[in-house]
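The following blocks contain the structures, represented as structure tokens.
Look for subunit A in each of the two complexes below; its partner is subunit B in the first and subunit C in the second.
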Partner chain A sequence: MWKNKPAIVSGRHQNPWLEANIPLAASLDLDIARRSSGGGTVYHDEGNLNLSFLKSRDSYNRKENLDLVVEAITNRWDIDLTVNDRDDIMLNKLYKVSGTAAKLGRLQSYHHFTLLHCVNQDLLQRCLTSPMQGASSKATKSFPATVMNLSEQEPDITFESLINTIGRHFLAEVGQKITPDNFHYLNPLCEEDFPGVTDIAYKLQTWEWRFGKSPDFSIHRNFTGQTFKSRPYSVQVNVAVRKGALTSIEIGVDNPDLELLDCLINQFCKDHSGFLLMHDNVKDFESKFLYCFSESEDGQSEYVTEAQWILKCIVSSLDFL
Partner chain B sequence: MHRCPQILRTVAHQRIRFVAQAPSLQCLCFKVLNRYPSTRQASTSTPFFLRQSAKHSLNDTKRFYSSGSLPEHVKVCLPALSPTMELGTIISWQKKEGDKVSEGDLLAEIETDKAIMGLESSDEGYLAKILIQEGTKDIPLGKLMCIIVEEEGDVAAFKDYVPQPGDDQPPPGKASAPPPPPPAAAAPPPVAAATSAPPPPRPAAPIAPPAGGQGARIFATPLAKTLAAEKGVDLRSLGGSGPDGQIRANDVLTATPGVGLAPGAPGAAVSVPAAASTSFVDLPLTNMRQVIAKRLTLSKQTIPHYYLNIDINVDKILSIRKQLNAAQARTGGKKISVNDFIIKASALASKKVPEANSAWMGDFIRQYNTMDISVAVATDNGLITPIVFNVESKGLSQIAEDVATLAAKAREGKLQPQEFQGGTFTISNLGMFGIKNFSAVINPPQACILAVGGAEQVVVVDPDAPSGFRSSHMMTVTLSCDHRVVDGAVGAQWMAEFKTLMEHPEAMLL
Partner chain C sequence: MATIMLGRALQRSFKQINVTTHCRTLKKIAVLKHLGCCYKSYPFAQYESNLTALVATQSRTFQTSTVFNKVIPYKLSDIGEGIREVVILEWYVKPGDKVAQFDSICEVKSDKASVTITSRYDGTITKLHHDADEIALVGQPLLDIDTEDSDEPGKDEDVIEPESSGDLTNKNVGIGGVKRLATPAVRRLATENNLNLADIVGTGKDGRVLKEDVLRLIECVSAPPPAAPASQTPTMPPSPPHSPTPQTLKPVVPSVRQTPPASVGQDRTVPLKGVSKAMVKAMTEALKIPHFGYGDEVNMNRLVELRKRLKVVAEERGLKLSYMPFFIKAASLALAQYPVLNSSVDANCENLTYKAAHNIGVAMDTPEGLVVPSVKNVQSLSVMEIAAELNRLQSLGLAGKLGQADLSGVTFSLSNIGNIGGTYTKPVVMPPNVAIGGLGRIQVVPRFNEEGEISRVHIMNVSWSADHRVVDGATMARFSNLWKQYLEDPLTFVLDLK
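On to the complex of A and B.
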């Protein structure tokens, strides 16, 4: 059982840009993580209890684990907790207080789930609302739900009281005595106790794992409101992302006078795409673009304005970073 | 060297490279041995097939999935990685096309129901072709995912392989062939089977044979048979992934628990060994039974039924019937029954209240101008409703004749589709079985059905009689109506008209 400082955690096969508000998280210095198990994106802070049931592959049984925890809590406090068929724990059958995920290996398995007892709900909502528009992807989608804190129902429920209650109930269920030997605190990052964990922790913190493992996706945006030579036109931006890298940017301008500019910009994009989808790389792309499409001769100023507008459109399509 | 007869034979017949590979085959032998300790005996003289040995089978002429010019290969389909799994998403392929694959190697990571699981290879060889790209969501169980070949050289042969419809292996229980399309509209109201002396039964429709082979021999590998006995899985209900539908050990291992215990598809009548407390026999569904089931369920589930009851004094009808039948006997015409009167009266009542002679068509209501009355006839095989057309313009004797002809045809199974498909109103009479009254199920798309009970002699109040009562023949009829077409008051009007016509038959002349 554990808790961590504020973080947004996405499932193995998800797209964090699509599931969470990454710019907000960055501005608030929240960690963005990806787990190895499946399921949807969640928000953690120290008001959330994480429970991981590490068992052999044969003993894998999600309902058993969830029922154990529900029983432990309801034995001590008088609240209405039930497990629904999505393996969520529901408070008063209306509010989600827990989400589940699992990973099965050849001989071992783990099933872990959250338990919201005192989490910052406002921040949770804001973090899990993505500003991304126009995206299509095959990533696993999260299933949004209304949440509630257990402590709102029962103020006595805290991290300490929860781990105490659940721990004791678990030991009783498996027929073990409640002694310090059976109930101990550990440091999961201790290499001595858990050889190999340093490498795993390192890998889990790389950009490649957290963002690069997102399934391929594409963005289609349409921007209007600009005129050229008193003729309004729209700009279409199509972006393709593979393995976290922008493999192609294509624009389409439906004004025949700007056909040459259209060609030039598309050529530029072809030459300068292929970078990883990070803020710095986008800034880099921007500055290169501005340098390329700056005024160098007379009579080009009008095109420069349009080029800058088109650049704004491209950058706007990527404002979810 | 390990004395497994299979391997020795294999080594003897195959080319040199298999001799070189013999040690690894030997290891495989023991690996399989260790995995299923309870089923294997220590004795090495026990002949058994390795999981892969289907490829090195005794019959070298029997090629494994040989489809014309393609070399021997194994098709890997999405298995059920957990008992409740229905769909999966491929997160990533852990092997590329051309990579070597050993037994137990991780082929791909699959997500299903918020759990991530590894798909391990049960075959050795080289990954020839990946047919479903990583990232693909909602792949159904049994879909062809990749192809593994024995030899590295065979990989190129699959470069442009296109998946065929037959490649997928949907899980057992869903693989049974669907029953042949039933004959159209024969939906009758609920009735007990005919009890009178049965004429020759109508020919039953052909019953669909279950997939996976049924009857004499189950084609399965010995390991599969042992595992099935251990797990309590009925081999008859499994689909085989081996050549010619041979059931392999893998099929048994991935069979969902409990799937084998009941027969998968309708087949010949089978007595299931009594796990339940009573003995029973399972009857296959005839075409007629299936149609009745489907149409009646649809009717009861979608039509808002309501029921109107009325008692009818049939004294007059009975006396008129006597007179008319005397006349019929003289001319040799068919005997007229009370049912014929009911048919005629229904038609005439429907003329006065045409809403009851209508059909619900979804976006509109069709009000028919003719009265084509479907008359329920009980046959040995079930209920059917042949139609007497244009009743409003037919006399009682004509109606009697038609009904008799149709009933006879129905019992012989010689009714043409146009003779029982259609109709605007249905009448069902269970009076001859002693039923007092009942409520029938509407025959879609009709709007009403009249259920007629038997006439009984009862005591009725009669203020004119000196004793204050008299005896009368009373019959109860129940009209079931579709509330979308016929409102309560309208239905009641129909009933009132019907009652008037039945109690004052002379009004039928108008």
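On to the complex of A and C.
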């Protein structure tokens, strides 16, 4: 059982940009993580209890674990907790207080789930609302739900009282009493106790894992409102992302007078795409673009404004970073 | 008619035989010969179909068309939970890659679970049937694999079968394929001592290997390291036989013969067991408690006098009377006024139990180490009765024969380290108790008396430690003052004795 400082955790096969408000998280200095198990994106802070049931592959049974925890809690406190068919724990059959995910290996498995007892709900809502528009991908989509904190129903429920109650019940189920041998704190990052954990921790912190593992996706946006030579036009932006890298940016301008600019910009994009989808790289792209399409270029000064507008469209399509 | 032995023996040996459905030669028939089968007279077709039938009953997914060097479609096996299809997340291999049994092949996803699929065979990947992000159906081929000719038994076993012996290279798997249960700390201990968990008999529940089990094995295995003298003979450079090497102007260095290290002690590693081991455990627990200390001096003059006189009386009754019975009784009297110091706190410090009985523990140094037996119900005992009980515990302690009843149930402890020496100490509270007192040596020191003259005073220092979560400084101070008063003016005992 564990808790961690505020973080947004996405599932193995998800797109964090699509599931969460990454710019907000960055501004609030929240960690953005990806776990190895499936499921949706969640917001953790210290008001959330994480439970990980590590068992052999043969003993994998999600219902069993969820029922055990629900029983432990309802034995002690008088609240209405049930497990629904999505393996969520529901409070009063209306509010979600827990989400589940699992990972199966050859011989081992784990099933983990959250338990919201005192989480910052406002931050949760804001973090899990992505500003991304126009994206299409095969990534797993999260299932948004209305949540509630257990402590709102029963103020006595805290991290300490939960681990005590659940731990005791768990041990009782296997016929044990609590002793320092079977109920203790451990340091999961201790290399001596868990050889190989340092490498795993390192890998989990890399950008490649957290963002680069997102399934391929594309963005399609349409921008209107600009005129050229008193003729309104729209700009289409198509971005393709593979393994976290922007493999192509294509723009389409539906104004025949801007055809040359269209070609030039597309050529520029072809030459300068292929970078990892990070803020700094986009800024880099921007400055290169501005340098290329600047006023000092003779004979093209009338197009500069349009070029800059198109650049704005491109950057705007990537504003979810 | 030949007989074919049914059962696992045949299944195992069958796998050494490569049966081809096209080519009717049976290789390695010699194996059947060993089982006492007469194969020659057995009609071929019947033999083959019998084997097929036999194999079909033994192993669900064993394919009788398994032939060496054939490309096999590797099917997606049942993941469980009634799941019929999954999404391929990521391939870890591509066509042309060589894989070994149990290597990871791909990652798939089924609603909430992310599953790692591992290879059933050794071989080379020839074709992937799906791209990433595509849906794969259970029971349909995931990829094609070209298996190599392998004559190792057990290689073709389906990993999903519950009888399979699993990872034979996993050193935690014991005989019969049972995975040894053990906590990470125990595993580490075993690894550090080059022990295979599989070799250790677990005495815990479900055969769980406990630390004691590992330590016991270490004892048996370790022998005192022999004092091997490291004598080094000088190495002669090999002279080439043919041409005489030119004489180099190297000074002749006399060969240094290293003599064995004389009179240097050998390191000795002893596993902690018995009392020492229990102490490690107890002290680790104890130091989780936030301690605070409170010290004071006790003027023992009157008590020293009193004891001198009473000692004689006690000896007449056949008892040794030390100061301890007085300390213990005074403590009990003071505890009656400050019962929180005789309480017990539970593991998470949520409940405080005020204990009715004053079972005062007396720390004893025995040949085995530190033990703390207790004198039970001191509130109902007289000083003499306490002395008698102490005598009994002391003799048992010296003999190493203290029983569970004597060692358990302590509610408050006193440690007379002064017996051995020292003045101030910082005793460690023993959970679930909340207080403990350490008594220093009685020293004779000069002090000013009421008249302002220097006089000889017997001073003993007491150092109390208490659990600051439930005891505050004022309580400890008042308790100490009361205890001190009883000892500095022993007649006050008389007032409160029941």
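Keep in mind that, in the parts below, the second predicted complex is superposed on the first by the 318 of 321 C-alpha atoms of A that agree within 3 Å, B and C clash if a C-alpha of one lies under 4 Å from a C-alpha of the other, contacts with A are read in each partner's own complex, and residues count from 1 in each chain.
Note that in this section contacts are C-beta pairs under 8 Å (C-beta built on N, C-alpha and C of every residue); 3 or more make two chains touch, one makes a residue touch a chain.
What you see is a predicted model, and the numbers here were worked out from it, not measured in a lab.
Asks: In the superposition on subunit A, see if there is space for subunit B and subunit C together, and answer fit or clash.
Replies: Here subunit B and subunit C cannot both sit on subunit A without a clash.
Asks: Once the structures are superposed on A, label A:232 by its partner contacts, choosing first (subunit B), second (subunit C), both or neither.
Replies: Touch partners of A:232: none, neither subunit B nor subunit C.
Asks: Return the chain, subunit B or subunit C, that is in touch with more residues of subunit A.
Replies: Per-residue touch count on subunit A favours C.
Asks: Which partner chains sit in contact with A:274 here, subunit B, subunit C, both or neither? Use first/second/both/neither.
Replies: neither
Asks: One more residue to check, A:144. First (subunit B), second (subunit C), both or neither?
Replies: neither
Asks: Check whether A:107 is in contact with subunit B, with subunit C, with both or with neither, and answer first, second, both or neither.
Replies: second
Asks: After superposition on the shared chain, which partner residues are touched by A:180: those of subunit B (first), subunit C (second), both, or neither?
Replies: second
Asks: Check whether A:194 is in contact with subunit B, with subunit C, with both or with neither, and answer first, second, both or neither.
Replies: In the superposed model, A:194 contacts subunit C only, not subunit B.
Asks: Is A:134 touching the first partner subunit B, the second partner subunit C, both, or neither of them?
Replies: Neither: A:134 stays clear of subunit B and subunit C.
Asks: Where on subunit A do the contacts with subunit B and the contacts with subunit C coincide?
Replies: Residues 11-13, 36-39, 87, 100-106, 138, 140, 215-216, which sit in both footprints.
Asks: Which of the residues in subunit B come into contact with subunit A in the complex?
Replies: 81-82, 89, 91, 104, 109, 111-118, 120, 134-137
Asks: Under the touch definition given earlier, write down the residues of subunit C that touch subunit A in their complex.
Replies: 79-80, 87, 89, 102, 107, 109-116, 118, 132-133, 159, 162, 166-167, 170, 179, 183-185, 188, 205, 281, 284-285, 347-348, 350
Asks: Which residues of subunit A touch subunit C in their complex?
Replies: 11-13, 36-39, 56, 58, 60, 62, 87, 100-107, 138, 140, 160, 164, 174-176, 178, 180-181, 183, 186, 192-194, 215-216
Asks: What residues on subunit A touch subunit B, complex-wise?
Replies: 11-13, 36-40, 87, 100-106, 111, 138-140, 215-216
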